[in-house]
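Take a look at the structures listed below.
Shared between the two complexes below is subunit A, which has subunit B as its partner in the first and subunit C in the second.
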Partner chain A sequence: MYTNRIITTAIFMAFLSISCGNGDNGNGGSLPGSGGGSSAENRIDLLGAGATFPAPLITAMADEYRDLTNNRVTLNYQSIGSGGGIRQFMEQTVMFGMSEAFLSDEVMNNIQQSTGGRAFNMPITLADVVPTYNIPGIGEGVVFDGELLVEIYMGDVTRWNDPKIARLNPDLDLPGLPITVVHRSDGSGTTNVWTSFLSRVSERWRNRVGYATSVNWPVGIGGNGNEGVAGAVQNTPGAIGYNSFTYALLNDMSYGSVVNASGNVIEPSFEATSEAANIDLPEDTRVLFTNTPAEYGYPIAGFAWMLIYENLDANNAISNRREAEELIRFLIWSITDAQEMSESLGFARLPETALERNFAMIRQLKWNGELLGASLLEDHPLAASL
Partner chain B sequence: MSTDKDTRKNIRKLLRNPSAIYRRPGDLLFTFLVVTLGISIILLTLSMAFVLYGEGSAALREFGFFGFVRGTTWDPAVQLVFGAWPFLLGTVTTSVMALLISILPAIAVAIFTAEYAPRWLANIIDNLIQLIAAVPSVVIGIWGIFVLAPWLRDTVYLPVFMWAESSYPQLLPILGNPMGYGMTTATIVLALMIVPYTTALTKDAIRSVPQEQREACRALGATRWEVIRMAILPYARGGILAGAILSLGRAIGETMAVAMLIGNKNTLPFTIFGAGATMPSVIVNEFREAVESLHLSSLMAIGFTLFIIALIVNLFAAYLTRKFSIKGGQVI
Partner chain C sequence: MKTMLQRNIRDRFMEGLLVLSTIIVLLPLIIIIAHVIIHGIGALNWDFFTQELGSPSRALQGRPTGLVHTILGTLVVDFMALTIALPVGLGAGIMLSEYPDHKLNPVLRVMNDTLNGMPAILKGLLAFVLIVKPMGTFSGFSGGVALSFVMLPIIARTTESALMSIPWSIREAGLAIGLPRWRVVLSTVMPAARFGLVTGTLIAFARAAGEAAPLLFTSFGNNYLPNHWLGMILGPVDTLPQRLYSLAISPYSHWHNMGWAAAIVLLVFVMLTFATARFFTRQKF
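And now, the complex of A and B:
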């Protein structure tokens, strides 16, 4: 009886200490000396937080990078969502943020004033969104164009045998099934990309609904997460939704092709997504390239950005020059060599234009006025060629 | 003999000065511990309310508290206007309906297990009910998405919809789109989820009815049903009501399963079968990716409103328990 009580108390105390440990989010992953083989002083922990969409890629990169550096550099990435990523980045509790929406002018100005330097938005990977549907008897390859998707999501086109759908798909025998519109209910970068495409092709959509991570949907039901939308679409005959391309591929969903700005019918693929971003990007890469002018680019795609301060010393989360140096090293690796990992994980590679812009931004990264990024890039083979 | 005298003297001293009991070190330590923990709960609650209010104050200032609560537009993209009315309505409708659906079955189960069932059967039922309470709500949500919602759509919603379409087309706007994910599905799942709470609390209330009460009633020649109706239910009604209200609190705060099944439509009007939204569901949906500061502040303000509603429900439960519980000497 007495031993029982002792054991119970011990277990309780253990739980207590575990839960206390988890509460310490600000410095998560800074347990010293747990890395095998290298001494505690040598170890560097990089800390980032933000969007959930690129999380699988970043986590895989982190594993790979730890192996590459013999456990010397570890990366702790918390996928708390773009909004949280931007907030933690501004509060300087993380070394870099990650977001599927670029920083607004207001935020950029605030950061300029408070740190005396800019905030850089560096594309690190690409998000692509495909229309998914459940039409009994019809598989992949239904063709949509922007205007049609707007009318469906506005509730104007309500049946699958509508002449507007038939016009784009003359070979298909579409049923007279009512269309059930499904959208994401949670705020998400997927929604941001999807609605920005609809805003680009239709003034009516831009003025009434606009684009954001969550919007005021005119019709339809909301599913929570990619899986919620997929569940609702797959369970409802006649449903149309949108999912990230990877998710649709992995779950054998029927997805459609989309007509791009040049009038070409583009079937979603990683190449077509990369191609979409292979356009003349502005210097700060803060651009939505949905409805891309690229001739064979897939029109519903966007960047996921890594957010980083120009003056790295102004970020309270970075405490010394070595940490800043390792952060830049990781950044360079992640946009170059690490891009090889993209396709196998379901992500599209960064196009050359984005890489070029990234290099230009990295060259401006400073530590106490010293151009740290430029010196680290000096002997990089790719940077020299671009 | 003398020790006896000492003890008596000590007791007399204690009675004259009750605080003397706290002077022993063990007692002192224990008192300190209990008082600290007790006060920390109060502080925790207050600081929670304070943080929710503080974070939500930007939205509450922008729209005014009542303007925010009564506002019907939730537009995070173009107008940046936020109003909680659809979510408030959704929360109240689903949770009250869920309570109404679940309360009779829950009371019946409690009466059966407490009064009728043999011990072994009562134990089995108790365990199963506790099992339902222990299932994580996200699991119930998944079950709802893949099993309950399609089943309800095919066997209930669509037939009712077809029938209304042919006989009473004026009903269609009230019924709404019968796609399976919507207010009714969410309400049914909520009812299922709060049954264990209502049942457990009702059973406790019934068990706490003194045996003498039952025996007196039987002695007057009452049948089993009459004992329940005349002796047990009136005596237990305060506890039963309080249990029901606490379950209502659970239903109001339930988040994941509702967010997965309610269809998440942020605009009025809500329909019977159609999609809707509740206050917790919109918070869990939009919090992670709320980039605009007013958007985030509005979500916090919804949290604050929810906090107030929960407070009202709890106060109401306390009031009901006091008003309806029987302390003896009353005519019932």
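And now, the complex of A and C:
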């Protein structure tokens, strides 16, 4: 028994020392970062969690930022879904949340009451959703408009050679194949953006189905996750579904163009998605801009928001001023320089309007009343010009 | 009257049935192990054991990526859980076996069985409320506490039955030479039952090592080694069962392969634990 206990303790101690030794090796020998020395006391771990969709971008930013700061700042982002992100943000177990749906008025009020400050929704990137389909012999570029997508998803238009489809696609020879509607079976920000578009263009859809991260679909079969929908679409001739644009690109799916509110046929692209958000944004950026009024904007797009407390000291997850400072530094970097990484990873860049709003919110970030965000933004070249 | 031959045939037949059912019991295990190894062996390379996971673009662009932080995190969390659960579990087991008339025992027994049957996710929730919320952050420590709730009832139960298997005459011998009761337990009963105690502890350990649910909202996960060595205990940390799950549901085929490889590592880890248990039960002191 004693032998066992001694061995156990010894193994435990050994692994502890290995693990800390390894941590030191990984970071040892690194040069001082931009903000000072990179000795152990100077290193910072940041923690965020939430939406799955922006995770490839945020974690790639984390990789890059770690290199940039010579391992001084490590950002740990865990994708637990938008709902989980909001939940843990409110529980104050993460320094920031991430969500494809903005905080409701009720949540905003609760936070105002409990922390004495606001919760900010800061756009970090954009989510765009494209109609994907599988029509034998037809490639990319089938044109849809909002009303047509509503009728397909209501089960009113049931064949690909329907005159309503032919009217928008006069040059295509569409087969008389029945349409199989595919939708997400899980709760998803992608569904939120998609159904919000359908609700914006059709009163009938708004009244009968509405928009949410999951809804009661009138027709169709469910697929779990982007991959579930993609699988069902690719294996079913005549199927139509919806996927995030980056997912459709990465998996060589056929996707369609969509007519926007200005009557222009918009082929999905990062520029068109960014353009969609280039509208008159409210100060808190809590807005859905599906069916955007922007003339050349892609109509099925929305923000992915970073959720952060105005009074950073009120968040239990942030324990000292240095952590708050490094969090703001990362935030500023992620909406400016780091946006360069967007396109290669399949994301659209933040438009200037969103950047402007973000800067205004960052200027109000406080640590114990000190305007920490404003002082960090002071000598930022972009912030000065906006 | 049956002939000797008939008896022999019947005996062989029954023996054959037993062998068959043994094979049926072993078959799923063998299939699982074979499947995991076939899928995962390709992803087991030097990088896997030396690099951190990082973002999925690392895997997509063929840059080095691995699970060193996950493997170390698993060891830290599991041993932390053992350190917490062992003294308490042993105590409860000793109480049940050596002080059978104590009035706390009926309650203890029911509570212990309830804890054992409780869904593991609830143990994670308990640790979330007890540790994560007050600390204001997910941590390896809270993961250790959650896993210790998994280990505790098993250790208590196996300790009780190990001690009960020691004949009363051994205790009487100790008491006869004037030893106090706690001395008798510590110096005669427990050493005599040491094989059973070690085996029970290791079974509890292996059981907890495979649990993902209690860790979801306690140790939470991390894509890197923490920046500070105490970060393994005070900050969010990665563990194999949980990372395996998140790799498996990811949309990247490279991550799927890494998930299989993580499963191999976890399997080997658990099998090593059982091998250790066998080693202890065989050794003659």
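Everything below uses one rule, namely that the second predicted complex is superposed on the first by the 348 of 386 C-alpha atoms of A that agree within 3 Å, B and C clash if a C-alpha of one lies under 4 Å from a C-alpha of the other, contacts with A are read in each partner's own complex, and residues count from 1 in each chain.
Operating definition for what follows: contacts are C-beta pairs under 8 Å (C-beta built on N, C-alpha and C of every residue); 3 or more make two chains touch, one makes a residue touch a chain.
Keep in mind it's a predicted model, so treat the numbers as computed, not measured.
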(request) Look at A:N161 in the shared chain and tell me whether it touches subunit B only, subunit C only, both, or neither; answer first, second, both or neither. (result) neither
(message) Touch test for A:A60: subunit B only (first), subunit C only (second), both, or neither?
(response) second
(message) Which chain, subunit B or subunit C, ends up touching more residues of subunit A in the combined arrangement?
(response) C
(request) Please work out whether A:I44 is in contact with subunit B alone, subunit C alone, both, or neither, and reply first, second, both or neither. (result) second
(message) By the touch definition at the top of the document, which applies to A:S114: first (subunit B), second (subunit C), both, or neither?
(response) neither
(request) Considering only touches as defined above, state whether A:N70 meets subunit B (first), subunit C (second), both or neither. (result) neither
(message) For A:S262 in the superposed arrangement: first (subunit B), second (subunit C), both or neither?
(response) neither
(request) In the overlay, answer first, second, both or neither for which of subunit B and subunit C A:N368 touches. (result) neither
(request) Considering only the touch criterion stated at the top, classify A:N316 as touching first (subunit B), second (subunit C), both, or neither. (result) second
(message) Please report the subunit A residues shared by its interface with subunit B and its interface with subunit C.
(response) none
(request) Could you please specify the touching residues of subunit A with respect to subunit B in the complex? (result) 52, 80-84, 86, 99, 101, 104, 180, 185-189, 195, 207-217, 220-224, 228, 231-232, 235-236, 239
(request) Enumerate the contact residues on subunit A facing subunit C in the complex. (result) 1, 4-5, 8-9, 11-12, 15-16, 18-24, 26-27, 40, 43-45, 47, 49, 55-56, 59-60, 62-63, 66, 71-74, 76-79, 91-93, 225-227, 247, 315-317, 319, 345
(request) Over in the complex, which subunit B residues touch subunit A? Could you list them? (result) 73-78, 145-146, 149-150, 177, 179-182, 259-260, 263-267, 275, 281, 284-292, 296
(request) Name, in rising order, each residue of subunit C that touches subunit A in their complex. (result) 52, 54-58, 68, 72, 75-76, 79-80, 82-83, 86, 132-133, 136-138, 190-191, 194, 197-198, 201, 220-232, 235-236, 246, 249, 251, 280
